[in-house]
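Below are the structure tokens for one structure; questions will follow.
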Amino acid sequence: MTQTKKVGILGATGTVGQRFILLLADHPIFAIHALGASSRSAGKPYSSAVKWKQNVPIPAHVAGMTVKACVAEEFAECDVVFSGLDADVAGDIEMAFLKADLAVFSNAKNYRRDPAVPLIVPTVNPSHFDLIPYQRTLHNLKKGFIITNANCSTTGLVVPLKALQDAFGPLSQVLVHTQQAISGAGYPGVPSLDILDNIVPYISGEEEKMEWEAAKILGGVSADAKAFEPLSNTVVSATCTRVPVLDGHLESVSVKFANGTPSIEEVYQVLDRYTSEAQALKCHSAPEKPILVTRDADRPQPRLDRELLKGQAVTVGRVRECPVLGIKFVLLLHNTILGAAGSSVLNAEIAVAKGLI
Amino acid sequence: MTQTKKVGILGATGTVGQRFILLLADHPIFAIHALGASSRSAGKPYSSAVKWKQNVPIPAHVAGMTVKACVAEEFAECDVVFSGLDADVAGDIEMAFLKADLAVFSNAKNYRRDPAVPLIVPTVNPSHFDLIPYQRTLHNLKKGFIITNANCSTTGLVVPLKALQDAFGPLSQVLVHTQQAISGAGYPGVPSLDILDNIVPYISGEEEKMEWEAAKILGGVSADAKAFEPLSNTVVSATCTRVPVLDGHLESVSVKFANGTPSIEEVYQVLDRYTSEAQALKCHSAPEKPILVTRDADRPQPRLDRELLKGQAVTVGRVRECPVLGIKFVLLLHNTILGAAGSSVLNAEIAVAKGLI
Amino acid sequence: MTQTKKVGILGATGTVGQRFILLLADHPIFAIHALGASSRSAGKPYSSAVKWKQNVPIPAHVAGMTVKACVAEEFAECDVVFSGLDADVAGDIEMAFLKADLAVFSNAKNYRRDPAVPLIVPTVNPSHFDLIPYQRTLHNLKKGFIITNANCSTTGLVVPLKALQDAFGPLSQVLVHTQQAISGAGYPGVPSLDILDNIVPYISGEEEKMEWEAAKILGGVSADAKAFEPLSNTVVSATCTRVPVLDGHLESVSVKFANGTPSIEEVYQVLDRYTSEAQALKCHSAPEKPILVTRDADRPQPRLDRELLKGQAVTVGRVRECPVLGIKFVLLLHNTILGAAGSSVLNAEIAVAKGLI
Amino acid sequence: MTQTKKVGILGATGTVGQRFILLLADHPIFAIHALGASSRSAGKPYSSAVKWKQNVPIPAHVAGMTVKACVAEEFAECDVVFSGLDADVAGDIEMAFLKADLAVFSNAKNYRRDPAVPLIVPTVNPSHFDLIPYQRTLHNLKKGFIITNANCSTTGLVVPLKALQDAFGPLSQVLVHTQQAISGAGYPGVPSLDILDNIVPYISGEEEKMEWEAAKILGGVSADAKAFEPLSNTVVSATCTRVPVLDGHLESVSVKFANGTPSIEEVYQVLDRYTSEAQALKCHSAPEKPILVTRDADRPQPRLDRELLKGQAVTVGRVRECPVLGIKFVLLLHNTILGAAGSSVLNAEIAVAKGLI
């Protein structure tokens, strides 16, 4: 039995922070120890500081915790620090925590491109943890490190891409169109006047993230474990839209295989059988399987499928021939679970299982 | 001044039929003369037979008209017959009307593939009216004929494709993803339990229609005006989804040009300057221009842009490089105006201008 | 430990039937034994017969069960029969089941007004089970009986009314306005074109039901247990509307007390402390308390509060002075749990605890 | 023919300001002369300063106008100043404009309670303009004055109440429940996460406004035209909720008549026949009739009825007996037209017709 780890949550009052609290409230190895938020919230009981927007109450033992400022000294006892901070403040705060020798799991985009920071989707590339020893050397750390998880829409995309790449070899072209839920924009986020009876075919910076993140995540690690080796021959084109859905990003994907197009049935089989190190390590938050295949003609659907397998799997359906690229399919992920806090928690469980924490 | 033409509307109580009534209520050359619906409605005043779902009242002179059965004798005086019938009954009824030497403008899919029936998007291929003399010969008609308009989502797609093809030569690959409004499914149509806080990534038969209709519409007519010459080298791949939007189909399109990719600015210019025979003929329902270009980063949006230019134009925005195919953009059309009844009315105006009616 | 009871579900493929299956899938004393639906579904495996619209999968042991026709012989082994049948067929079928000496728990309106059929909201008037011996005499039954639960919106209303009436004496006037979720209309139910960006201020028959059902439920049973004694001095006025919400009916209530208006704080206390026989009997599905009081200024809200206490409690908030009637407040209930299947299941648990089954 | 009046719009970039621009763009007697907004917008062309959220483009001649700061000197040439300012800044700015001898028509709540400021719903109490001479005396003005229009939900309520009061004598009790559109909260206003699949049963300050404003509007003016005489015997109780509807407030109303309850048919007749000074003066924006009666069982509905009669009428339906108070009905008004900018414009037209401008 693993010993319980103390965890801190930065940005605890935000949308991602609230999801962290739900995921960690009854966790077998992580115990919520400290909550961090802006100076406006610091000093208040959590229940007063937060605009709680979940459909279950604030866990009783969390409601009364006093919110702290996001300074490393306040989190010195934490074995794990989860960050749901916004990008505009995450850069400085996360760096200060790293330098304080803390283990930081970030949802922000700030360090995703850093050549020494792993960008990990837990059911895709936990092997990128191999760079942690090198990262510690760079920053002269004993136990601290920082890893990030991917943008929500990238996360959903790379899980089936990884399965397909492993089975059928490199993908030369990927064209993806997303329909993203409003919860992805945080709170207050998307004004209702912008999205009721409407779609906004633009999310600032989102398409660029999808187009480069995939290459790092689906790529490997150098033999000396000092560098990432992003894919160089997989081109991704993304179009991202915001839709009037509460939770769950739907993505339509067309892919071209460098070595020839498999059959539809082969694709279904490969997706269905895919498994990852998160399953092998028997991590608490790992879904039974990374990909849930549906063969119903009109699925996946956000409202019906987003909660399946605890929101930690990607549901894939409608695999069919793409007259242009070869194969096309539709996927769905829960954007605030697998697409954000859930990935972080699972990444931390993997890190514990690997002895990094 | 053109003499007023008497028009009949088949399927007058349905969603498309109601739109016909709005478009024709104050029309300068068409006068509503007869309304046809199912036997259940026949004999009733229109206002009793219809579940009117428009946000303006039933035009006063239409409300009291007696609905007729959809039999040709009842429409013998009509110069033009617009059909908003469902596909399950449109086949027989429209054929009977054709054989009665009536001019039928159909929204149904039944005769779209017929080698002697033009499939016309009014701002794209009114030249396909050239086949009418041949069609009349086949059916031994004097003044009657049948033409169809395209599926709503196809209609939006082919307008900018036509502009691009005219300017830059053939398109070898087109990948399109639609987000289609619920009004496209008629009434009662999509159950609210299926679409509130949800997306349905499937519309029966829709993807197939988009993939083949474009080739017929964008192709030419043989020199003897007895056959269509569909494009054979343009491959289309479509993914169609239903979204919680009342009116307005949004489509994300990526295209590959056979002869090299133009610049983004060239594409914007070509779309903006595109004009069609409908404009040249100064048809009443023709929009000022077939394509309305927006350069705002987050447009077009269904709720804000669907009514522009009387709902008869396609709004195109977000033209940008597609790393996979070359150029990508987003378009919007009003699915029950340009995508259905509006196209039919404009097609009929063109037919009048060409002397076919 | 109570012995496991075999249960049948009539109307198993409908919206209420699906909710029954979720509530009973892992029930400690009820085991799903037989599923009944229309002749169109009979003979098929449940998973083929149903259009499953829940956000969790069909329970594995139910998916393969063969659906039966709704005839009593097929349910002869059932200790309990839950009916989610529509009113147009419920009358005959439920009567046939009753005459076959089965214990029927109906959600339909057909027998609610019957002078020998209890209309029971489990956290309000389980005392009305006292009429069962008399009902058995009437129909010459040994173990069978029929009870109904109330209309969904009535159910939410009477729980706090009962608490107030018990504490402060009779209510002379009640004015209630409902905002009812679309799931209350079943599937396909409300067309999306009717409810997106809209409200429908009318639900057929609903206002009448609310206005008379409350009197029977809040009334007593005669001393000889052969008749109900509905309230005669409580006048209810209801306005019912349909809103674009998936689940959860919100009701705004103003009440006038015959014996003088209590203070706001007294009302809060009484609502908070209210408890019922369902709690005393420690029934499995009984919520911790029948009424969940919220003092937040902007609660209850359907999306945030409908799932609290397993959806079996009524959440009440915004208690304040009503300048016209005395006291006003807002309540919320989950219409397909407490408002339908959940009440039935809890009623059956009470019946078991009372030794009636 | 009235001479054209120059008008200024304060808060021109906000939701109400945008509606003013649409209403005034082609107005026969008002010409948009100056636009005022916050210092952040001042100096910019209107099209750059505004986040335009209407479904028609910015009128061409307005798009290029330079936005001014809200200081009186900049509006000195304006015959009429419409204010769509938020309450937090409206108090000081509107007073400064008044003292500069300008005619101010305010939508803000700040001066509604002022004993010398008329609170006018144009189809209800234009007689309150009689206090303007007295107001001018107080402030030592020649041509300036200030009037306010009512809160949107009050506006819809008082129109039928006025008709009923005129016909049947005083109303002793009024109970009203509102379902208010999101556009009433401005932009960005209601976060989508708060209102999709949800209702918020609380709008800060709204219930209080409805409860007192009605008494001032429905009351009279003293014989010396120096004071208002609010109703003292009409008690109003309001419950206000926010719903996922774009435009259009729906209100359910129960009323008690001091002198006995009229029949349903009498109520319908009285509502239908009601007319006001705005009609008598033939004002451009006056609807054909102040109240549009519908006898359809399920109307009025926001999406279908809000635009009728240019959004300047109140639609009333579902008149029926209220078992508690006597009569109940449902009404609908367009909250940003009749409920805000449209009332202001019509008030100004009345003022011109009365020779006050």
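Just so it is clear, A, B, C and D label the chains in written order, and each chain counts residues from 1 on its own.
In this text, a residue touches a chain if its C-beta (ideal position, glycine included) is under 8 Å from a C-beta of that chain, and two chains touch if they have at least 3 such contacts.
Model, not experiment: these values are computed from the prediction.
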Joint neighbours of subunit B and subunit A, given as chain labels: C, D
Most widely separated chain from subunit B, with each centre as the mean of CA atoms: C
Chain pair with the higher count of C-beta pairs in contact (C-D, A-D): C-D
Euclidean distance of C-alpha centroids - subunit A vs subunit C, Å: 41
Interchain centroid distance [CA atoms averaged], subunit A/subunit D, Å: 48
Centroid distance [mean C-alpha coordinates] between subunit D and subunit C, Å: 43
Residues of subunit D whose C-beta touches two or more other chains: 53, 196-197, 244-246, 303-304
Touch-based graph of the chains, sorted into line, ring, star, complete or other: complete
For the subunit D and subunit C complex, residues of the former touching the latter: 173-175, 177, 179, 196-202, 211, 235-237, 239, 241, 243-246, 250, 252, 254, 297-304, 317-318, 322-325, 328, 330
Complex contact set, residues of subunit B against subunit D: 53-57, 196-197, 246, 303-308
Subunit C - residues contacting subunit B, complex: 15, 53, 182-183, 187-197, 244, 246
